[in-house]
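Structure first, then comments.
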Amino acid sequence: MRTTVPIVTAFIAGFVLVVAFFFRGSTLIGSLRDEFTAWITIIGGFTLALGVASIIRVNWTAVARRKRDWPYKILTLVAVLGMGIPSVLPVSWSSLLGNTPGSIYDWLFEYMQKPMMATMFATLAFYIASAAYRAFRARSPEATLLLVTATLVMLWRVPMGEAFLNLFPGDVPEWLNTYVMGGANMAVQRGIIIGAALGAASMSLRLILGIERMYMGKG
Amino acid sequence: MTCFRLSAVVLSLAALYPEVSWAQDQADPLFRADRINALVLVLVFSAAILLYTRWARAGKPLFLRRIPGLDAVEEAVGRATEMGRPVLFIPGIQELDDIETIAGVSILGRVAKITAQYETPLMVPVRYPLVLAASQEVVEQAYTEMGRRDSYDKDTVRYVAGEQFAFTATVNGYMMRERPAANIYMGAFFAESLLLAETGNAAGSIQIAGTARPEQLPFFIAACDYTLMGEELYAASAYLSREPVMTGGLKGQDFIKMIIVVLVIIGVVLVTFGMGDWFVHLFEEV
Amino acid sequence: MTFWERMDKIDRRWIYLAVGVAGVLPFLFPTPFPIGVTPEARSLYDAVEALPDGSNVMVVYDYYPSTIAECEPIAIAALHHLFRKNCKVITLSNIPYGGPTMAENVTRMMADQYGKVYGVDFVNLGYKYGYVAVLSGMGQSIESIFPTDHTGTPLAQLPLMDSVKNYSDVAFIFEIADNATADYWVSIVNAQYGVPIGCGGTAVMAPKFYAYVASGQFVGLLGGMRGAAEYEILIDREADGVVGMQAQSLVHLLIIALVILGNLGFFLSRGRMKRGVA
Amino acid sequence: MSGWEIFQLWVMAVLTLALFSFMYRDNPVYKVVEHIFAGLTVGYQIGLIWHSIILQQVWGPVLAGQWWKLIPGLFGVLMLSRLSGKYAWVSRTSLAFVMGATSGIFLISELHGRVLPQMQDTMIALNGGDGFGATMHSIIVVIGVLSTLIYFYYSKEHKGVLGATARVGIWFIMISFGAHFGYTVMGRVSLLIGRVQFLIEDWIGSFL
């Protein structure tokens, strides 16, 4: 019961979605596909709640058991409730509630979360610069070709570098865009895309037919 | 049998929906004949994957070429043994449900067999409890298979802080202190890959990486001695574990890849000689 | 300790400081250089310019707040171009961390500049889970996936949505993405419904998208902040894209210098090692 | 600029500087801001789930008479059983439906929407375009695609013709990864420039 029902469900859902592609939209199977597609967005949406609940639980137990950094975890919980609760309350009570522009929820996102997330990823530029100096070595012919191409592209993509490349005879930027980006790079990306597409299709097939049961977890 | 009975229930249920109306565009053909090429591709693809998976399950010897990256791994662990310095292995920083992490853990099994054989110290920092359990199981099994059950050290696989950069700081600290001879990164990595590779370089270790993340690959190639690229990571773990589903999938995909190469060559030749339009049109997606 | 050994042991925070300074200087002493426009950016501009005025266009915010430096200038430039042509804009997002809120706030900011009316000239559908199902579901009926807009107003009460039932009513899709969601606009929406798609992608994603431009599945491509600058030049409203790119030259030159310096040190010390001098 | 707008600018600037302080050293201020950030991300999702899914996709339609929307709503609630160790199996059917249906869409879209068009566009005439440049481009594309596919081929030893093609493949792959390296560096630097531009032009600019 615990394994056959899920496997049959996955098979029917997948089978309908695959077969409906080959038939006119206004058939029974076409309508079934549309309803199933809408259901994915509803049922799947609750998996977001799983993520929310598990993070709250991890932080809650860390605080309750005074684990390492537990005072900071209190801040996380305060932030969760500080943003979560006002958004759930009806906007009819006050314009500060709900999730529309002008609400606490919207303000916290626009003026706290957005700049913070942008800054978190901006630090990557520092790591790349330091790794550029201490780790990127032309230790093999292949790595050399990689670094030479990377340097040319880095020059080409910034105004000062592009001006420098234009000092050379011929249209170097146009050559880089046509033969490197649109030529060798495009061809390799296409090869990788085809390989990855076959991999994804293989995983999907195994999932529909119940060969792949990773999502079932233990037991 | 169950799925027929169940599908009957679902179909009858569908009839109840008032909004389902079949009177729409009756003019269009029932069967989308213009998508025959997709149907053929789906059927041929599915047949290849399922056949190879069944052969793999039946134990039929399916040839998989040896991935050069694995020789580099064994060479590096050998070097660590000569110098009597530890080997550091990180199975990626994602949860166990990430395919790359699973591939990383199966390669860990191989590395553990070599370190067991030569009694080289091994350190495996992990970020999630599930990955901890899976890695411990794989390492213990490797030591048992090599008859070195007694020298298996319980905290070879260590749970390190969960947050991304805290994990990196701890591992970097270990690298600078223990100065492992070989650092092996196999699995899903993100921005911290640069910090790890840089510190490993400063500590003078041989570094071998393997990931499928496209934006990390160029950095690993420039920073490490050897890198397994994208699919090679999965091929390496299939080559090692011989797990039927993985091996069958890989062989099936290879078969389709070869058909695609042949078809593209035919297409290019025909079109170059000016008589290929009908052939190219066969692959038109509608 | 030779010069190279000291350089090799350098504390990485000096490098961080150098990057910080190289990032700040161009804002204090701007030295603008001309910015060339790639054919991919021009073909995207031509495709949008060729749209009949007032046609329905979908602008999709498929990027996380982490890449607003690259993607927001693209969104703003696109909206300038579309509102200037009086196109009807339908926005949505497949990003659970801030996507729908950015779609709401950026579009409203631009709409105010052009005096556009919500519900008539533009609508924000917001976010639904499962981008694959959202993209596939909108092919049959947008309302089956989005019963209401982002703020909960049923689609029936929005005049614009009367004339937009599914992709056959959409003339063009402007996808702005920092992840693989754009791949599924190609393999589901363009492949199965034939809607022309223009993509503004982050620099990390751009090299891969050249393959979709070549096969015609994308009508054009903007690569990162550089792509935003090129599009700003094409619609001649130079803004954050151009300013940002001018400031980027110095940091690129610094990183190139660091790679060269690092390799020099590597080869010199290795050369000395071989000769057994060190 | 109103007092409130200046306050908002300062909030954003302080948070930006606090996160950049990690570059110097991990410090309590960074930890405070980082933990607040982790909380806000979760808080944002609570609002998203409540409005976008529960209200707009289940509660609203059901009130409007579409009673059958309760079925997916119910399956969705069952998904939450995954939180408890013992009853996790209850969620399997919901998860199986989502994974199965999504796989159905993937199987078609990957083969029909990605493999077919990319294959078709590689069947180009080697002497097609006008002039030497276009011919060179076509040759590069065809050889590049085929050698990349052969490089990632595992069912035969890379010897003889296959080995030579794979060698060519690795050179093409290195050029492509070099281009990808250059673009990724540009992307990360753009993110940094975006923050520096905010600090200088918006924040410092506000009190000059």
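Remarks
As written, the chains take the letters A, B, C and D, and residue 1 is the first residue of each chain.
Everything below uses one rule, namely that a residue touches a chain if its C-beta (ideal position, glycine included) is under 8 Å from a C-beta of that chain, and two chains touch if they have at least 3 such contacts.
Keep in mind it's a predicted model, so treat the numbers as computed, not measured.
Of the two interfaces, B-C and A-B, the higher number of touching C-beta pairs belongs to A-B.
Averaging Cα atoms per chain gives one point for each, and the point farthest from that of chain C is the centre of B. Chain B and chain C have Cα centroids separated by 29 Å.
Separation between the centroids of chain A and chain B, computed from CA atoms only, is 18 Å. Mean C-alpha positions place chain C and chain D at a centre distance of 12 Å. With centres taken as mean Cα positions, chain D sits 3 Å from chain A.
Counting partner chains per residue, chain A shows two or more touched chains at residues 11-12, 18, 21, 25, 35, 37-38, 40-42, 44-45, 47-48, 99, 109, 113, 117-118, 120-122, 124-126, 128, 130, 132, 134-137, 139, 142-143, 146-147, 150-151, 154, 157-158, 181-182, 185-186, 189-190, 192-195, 197-198, 201, 203, 205, 215.
Along chain B, residues 17, 35, 38, 42, 45, 198, 202, 214-215, 218-219, 221-222, 230-231, 257, 260, 285 each make contact with two or more other chains. Under the contact definition stated at the top, the residues of chain C that touch 2 or more other chains are 8, 12, 16, 19-20, 23, 66-69, 96-98, 101, 128-130, 132-133, 136, 187, 191-192, 203-204, 207-208, 211, 214, 223, 226, 248, 251-252, 255.
Taken as a graph of touching chains, this assembly is complete, with every chain in contact with every other. Across the complex, chain D is touched by residues 13, 16, 19-20, 23-24, 27-28, 66-70, 96-98, 100-101, 126-130, 132-133, 136, 146-148, 150, 152, 154, 183-184, 186-188, 190-192, 202-204, 206-207, 211, 214-217, 223-226, 240, 243-244, 247-248, 251-252, 255 of chain C. Of all residues in chain D, only 22, 26, 68, 107-108, 111-113, 115-117, 119-120, 122-128, 142, 145-146, 149-150, 152-158, 173-174, 177-178, 180-181, 184 touch chain B in the complex they form.
By the touch rule above, chain B contacts chain A in their complex via residues 2-3, 6-7, 10-11, 14, 17, 20-26, 28-32, 35, 38-39, 42, 45-46, 49-50, 53, 97, 99, 191, 194-195, 197-198, 201-202, 214, 218-219, 221-223, 225, 230-231, 234, 245, 249, 252-253, 256-257, 260. Per the touch definition, chain A reaches chain D in the complex via residues 2-3, 5-7, 9-18, 21, 36-57, 59, 69, 72-73, 75-84, 87-88, 98-99, 105, 108-109, 111-113, 115-126, 128, 132, 142-143, 145-154, 156-158, 178-195, 197-198, 200-201, 203-205, 207-208, 215-217, 219. The part of chain B that touches chain C in the complex is made up of residues 198, 202, 214-215, 285.
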